[in-house]
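After this come two complexes, each holding chain A, first together with chain B and then together with chain C.
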Partner chain A sequence: MGLLRYTTYRFLQAIPVLIGISILTFVLANLTPGDPVRLMLQGVEADQEMIEQVEARYGLDRPMHERYLDYMAGLVQGDMGHSFHRNQDVASLIASRIGPTLLLVLSAYAFALVTSIPLGIIAAKRRNEPFDHVSRIVALLGVSTPSFWIGIMLILIFAVQLGWLPSADLVYPWWSPEVYGHDGYLEHFVETIRHLVLPMIALGTLQMATLMRVERTQMIESLQGEYVKLARAYGVPERTILRKHAFQVAQLPIITIVGLNLSTALGGAVLIEFVFNINGLGRLFYEAIIQLDYQLIMGITMIIATMFVIGVIITDIAYAYIDPRVTYGEAE
Partner chain B sequence: MAVGETQVESGSEPGTKEVETGWRATLRKIKRDTTARWGLYVITFVLAITAYTLIDGNLSRLTFGNVSDFAMAEALPIFEHPERLPPPGEADTNVPPAFHADGSMAHPLGTDPNGRDYFTRIVYGAQVSVSVGLAATFLGLVGGTIVGAVAGYYGGWVDDLLMRAVETVYAIPPLILIIVFTVFVSGGSPDVRFAIIGVGIAFIPVFARIIRSEVLSVREMDYIEAARAAGVKDRNIILRHVIPNSFAPVMVYATLQIGVTILIVAGLSFLGFGAQPPTPDWGEMLQTSHSYMHSNVWLSIWPGIAIMITIMGFNLFGDGLQDALDPRIND
Partner chain C sequence: MSSESEPLLRVENLKTQFFTEAGTVRAVDGISFDVHEGEIVGLVGESGAGKSVASMSLLRLVESPGEIVGGEITYKGETIFGLEEGPDGELQEREDMLSNQEMRDRIRGNEIAVIFQDPMESLNPVFTVGGQLREFIELNRDLSSEQARQEAVEMLREVGIPDPEQRYDEYPHQFSGGMRQRVLIAMALACEPSLIIADEPTTALDVTVEGQIIDLVDDLQEKYGTSFIWVTHDMGVVAEICDRVNVMYLGEIVEQSPVDELFYDTKHPYTEALLDSIPRPDKTVGELDPIEGVMPEAISPPSGCRFHPRCPDAREVCQRVHPENKQVDTAEGVPHRAACVKHDAFDVGYDESVPLAKSPQVTADSSANTETSVTDPERGTAGSSGGEGSE
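And then the complex of A and B:
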């Protein structure tokens, strides 16, 4: 199988999972004791007639499987339903909020990768030396500390105490500088970064710590590999061994973990967007939950799960592309 | 660190007979492993505090009759015991910690805006965080073990069906899934019990996958074949032979997962979907203190440190266990 066919195959494979996700979210949303209408009308003086009207309006008087099929028919056409609370299209609501979340998650990943890989390699190289011990303690703290608390501490130190960085909201690089009253693109860029730094670190620390631990273990294992011994026997310089032979093999598990950890990062985005007041998908999800806006909740859950599935597929393909040993999809 | 030992071991095949016979050896290794030992110290410390809060609460209940939870009430004077409120204007609200110039040893970590002693609340917070962490992980472990063992043992369409279901649950980020579950199932008024079930369900996939892959290798063992030939029922083979022999790697994972659970539940309570006020829970305390972040900095600091220490204990112990049991469990 070629890479293109493998890619198509992986995407086709994802379809049952996506259908499963839609069923799961639909069932969850309908598990509610009482019915969605009563939830929607919470706090509103509603008589029986009004309830029936709303039910008819949203087709809630029909059996669940019919409603599910309707919902799916809409989904296929890109219609994710209607947000009762905001009186807006769910799809367009999500589209308007997805940018900040992607910016946040991707920059958190960039931060995690840029820091974890060099640190992991150095720790592996200087195993059981002070550097190794310190970096392992840092990694341990990183996987043990709630991201939102790191966010709060960062705000307290760098925004409140020192006043160096802003503590809320992002500057969107895709908007024009005039919107923010910035003087040209350089200031626009600098402001984007300044707003991004704290949430990025808060969300990225867990990823950094996880990846650092994996990188270290993989490098240690890789440096003990037969091919490294052979290269050493041939007199290949240690630097070349590290860079070319040991490094490449050690990165493969990292790719897989980057994909799988997207799940934690997307969940973490809800918390970080809450702490830093970022108007992204996570914040929208939080608001939808508070308002029990169930069409919107279903829509966001679907989108976030889809993002995760696509992320995993991309990393799988990257893995297959980089590792020459993989025969696309024939195993299993 | 037991790095030296793990190297020696990594030559032998993981997951074979040594695992079963090696419980005593494992214990010895754990004792020798510095990481595991420190993890154990921290866990013991936190569990001791939890035990103290439980005993303290119960003893007080015995002594003071029908007070729902006296010790907890001590930490929460305003909500449950209005009569304990100091007269207006004399409430010890917002007392800073003892090391602060305005602080006193009467409230070592100060008080919160409701005048509740923060140290007491932190101590009682261990009860909720630890018990929720343990209970939810246990639920996920049991659920995952059943699903994984059945899927791995029967194979075929059962396996396909269960694993597709597991993949589906796995595809939704745990925090999102748990929030959706708790809010909808509780009908819009979430609390800790729903959170435990939600976390348990969200963690079924990770355990199911590990158990399944273990079962797949155990299934081919001679003794399973022998049991089958002797006419032992499938259910008994799974319960008596397959699961016990697949358990070692799962235990390591479960220990590490307790840390993840506490982390997630803290996030859940922080957003207001887990423990509800006035229950003293670290995540809930961070949520309450969030509105006072600028005026009362210390309120946001202590619960976070408590969470960090607790999770670190489980992570240290899990790491040590991993080294002691099976060096190659990561892959």
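And then the complex of A and C:
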């Protein structure tokens, strides 16, 4: 079966998943204690009539299932609804805030992959030597330390104490340098990186530690494989064995973990955005929940769910691409 | 096959040990054998006898914590392994010993190739069969990538894989066990080595496939003139394919002879026991005569002859005297060696010695029926075992 057909099939499979998520989120948001209209009218001397007026205006007086169907009808046509709290289009609100979050998550992933794979391989190669012991302790700490705490510590050390790096906000590379008063693109780029380093490490450490542990275990297993013995017996240099014969087999679980951990990374991004004062999707999400901004909650949830589903599908495709034993959904 | 000429491979007093936390395991404990050009030499024994460790030692591919600690391996006049006394009196590797680089570039694959036991695990699951074959050919022969590819296809055809052009691009999981073993044989032959170590190559296969593979190897061996070391525990396979046989027990070679003499004029009780335990159509299961007990750990081998606790012919002297592998007979000018003191070549008083009652601790599972003989008043030697009154 072709790759295209497989991909289409997987996307079609994702539709019921997304519908399920939308129902769940809609119900949960609406069942959350609190009245969005009262929250909106805070500080305003509002009588019953006024509240009813506002409710009617946003359709909040209608039963839940009607509102849900309405919302979904709009969503199918590409209308993500209206944030009644901010009086703005949900789609444009998300569009304006998704950039920093994606930048943060993707760079954290890049950081995690670039560090964890070589470290995991070296640890496997030097199993039970000092390097391995140290890397295992670091990995254990990385897995068990909350990312926001790492973020705060990084700020204290590198921003407050040493003053090397900025501690708040990001520089958006997609904005023009003039906005920040940067002198040309080089400075713009350097500033982007400087702002990104600390939150990237804070968010990426968990991923790095997880991946490193898996990479180490997988490489150890793969290096003990009969096919590695065979390659050695045929005079294949140790470097080639490490980089090719053992490596490629060991990467299969890594791919799965990268895909599945996208959810923890997106969740972690919410906290990191707070710690580093980044105006991303995570903070918008938090505010939407506090204000019971139903349509905004729905919009962000659907976006995150879609990103996750796409991530998983890409993972599966990559898996089938690397592992010849996995087929594109052919009848076995 | 003549013993006059310099052998292709000469192994002398090879010792390979594993240094584990529980102690030193003497997996291979001073074995010597030769392989001549064009010969198939069997290395036979139960699991744990040290056959595989011995064969990996020949390529210097013993994995940690294992290490070759003594002896000499000479291949075509070159030293694969050899020790000498250094200036400080300690043993050190000899100057003329091949370096790791030389082993990799010139010996492994090019000169000595292997076929492993488990064809399911030996091929890398994420590369095509043809790709793996081509890689090894390219590495071990002076061929371009394209030539190596053609050679790979040719070898696949040679070992009887249908549609080799098409199968070249398939992955190992698309091949059956027998077909994979054919691929591994193609791999070994394609590198044009002078010696192939086949480490239990048919053990993982079912019997019909085993027969096909043995026939294939027999044909190809004749065609290419390659020498083989055939590692197996199966005496039937030995009879079918080997020219000369080395029988191993607990890290030692206990009998060494041309294949016919081994079967018709068996000199060591262990070999006899191995032959008796082969299932045959003229024997029912009840008539089978399996070897009693299990092989002891090589970490603390029994004193004297290592086989004596399980040996039906054991006498008191066997507990004390450790027999070396001595020539006990000659068959057509080829020595027949055995490490058993019952032969006249050993003058240690076997005939006068008292027959030995079997000691129960070695055969924990069959202790009930061996213990009764311990208290037999005529055999006073093993009285310490205290197994009285079970009958």
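Keep in mind that, in the parts below, the second predicted complex is superposed on the first by the 316 of 332 C-alpha atoms of A that agree within 3 Å, B and C clash if a C-alpha of one lies under 4 Å from a C-alpha of the other, contacts with A are read in each partner's own complex, and residues count from 1 in each chain.
Note that a residue touches a chain if its C-beta (ideal position, glycine included) is under 8 Å from a C-beta of that chain, and two chains touch if they have at least 3 such contacts.
Everything quoted here is computed from the prediction, not taken from an experiment.
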Request  = Once the two structures are overlaid on chain A, check if chain B and chain C clash or fit side by side.
outcome  = fit
Inquiry  = In the overlaid three-chain picture, which partner chain does A:248 touch, first (chain B) or second (chain C), both, or neither?
reply    = second
Ask   = Residues of chain A touched: more by chain B or chain C?
value = B
Query = A:236 contacts which: chain B (first), chain C (second), both, neither?
reply = second
Query = With both complexes placed on chain A, how many Å separate the closest C-alpha atoms of chain B and chain C?
reply = 11
Query = Where on chain A is chain C touching in the complex?
reply = 225-227, 229-237, 245, 248-249, 322-325
List of chain C residues in touch with chain A within their complex = 59, 61, 103-105, 107-110, 113-114, 116, 118, 121-128, 135-136, 139-140, 171, 173, 184, 187, 191
Chain B contact footprint on chain A (complex, rising order) = 16-17, 20-21, 23-25, 28-29, 31-34, 39, 42, 127-128, 140-141, 143-149, 152-153, 155-156, 160, 214, 217, 253, 263-264, 266-268, 270-271, 274-275, 285-286, 289, 292, 294, 297, 300-301, 304-305, 308-309
Ask   = Contact residues on chain B for chain A in the complex?
value = 1, 3, 164-165, 167-177, 179-181, 183-185, 187-188, 259, 263-264, 266-267, 270-271, 273, 283, 286, 290, 293-294, 297, 300-301, 303-304, 307-308, 311-312, 315-316, 319, 330-331
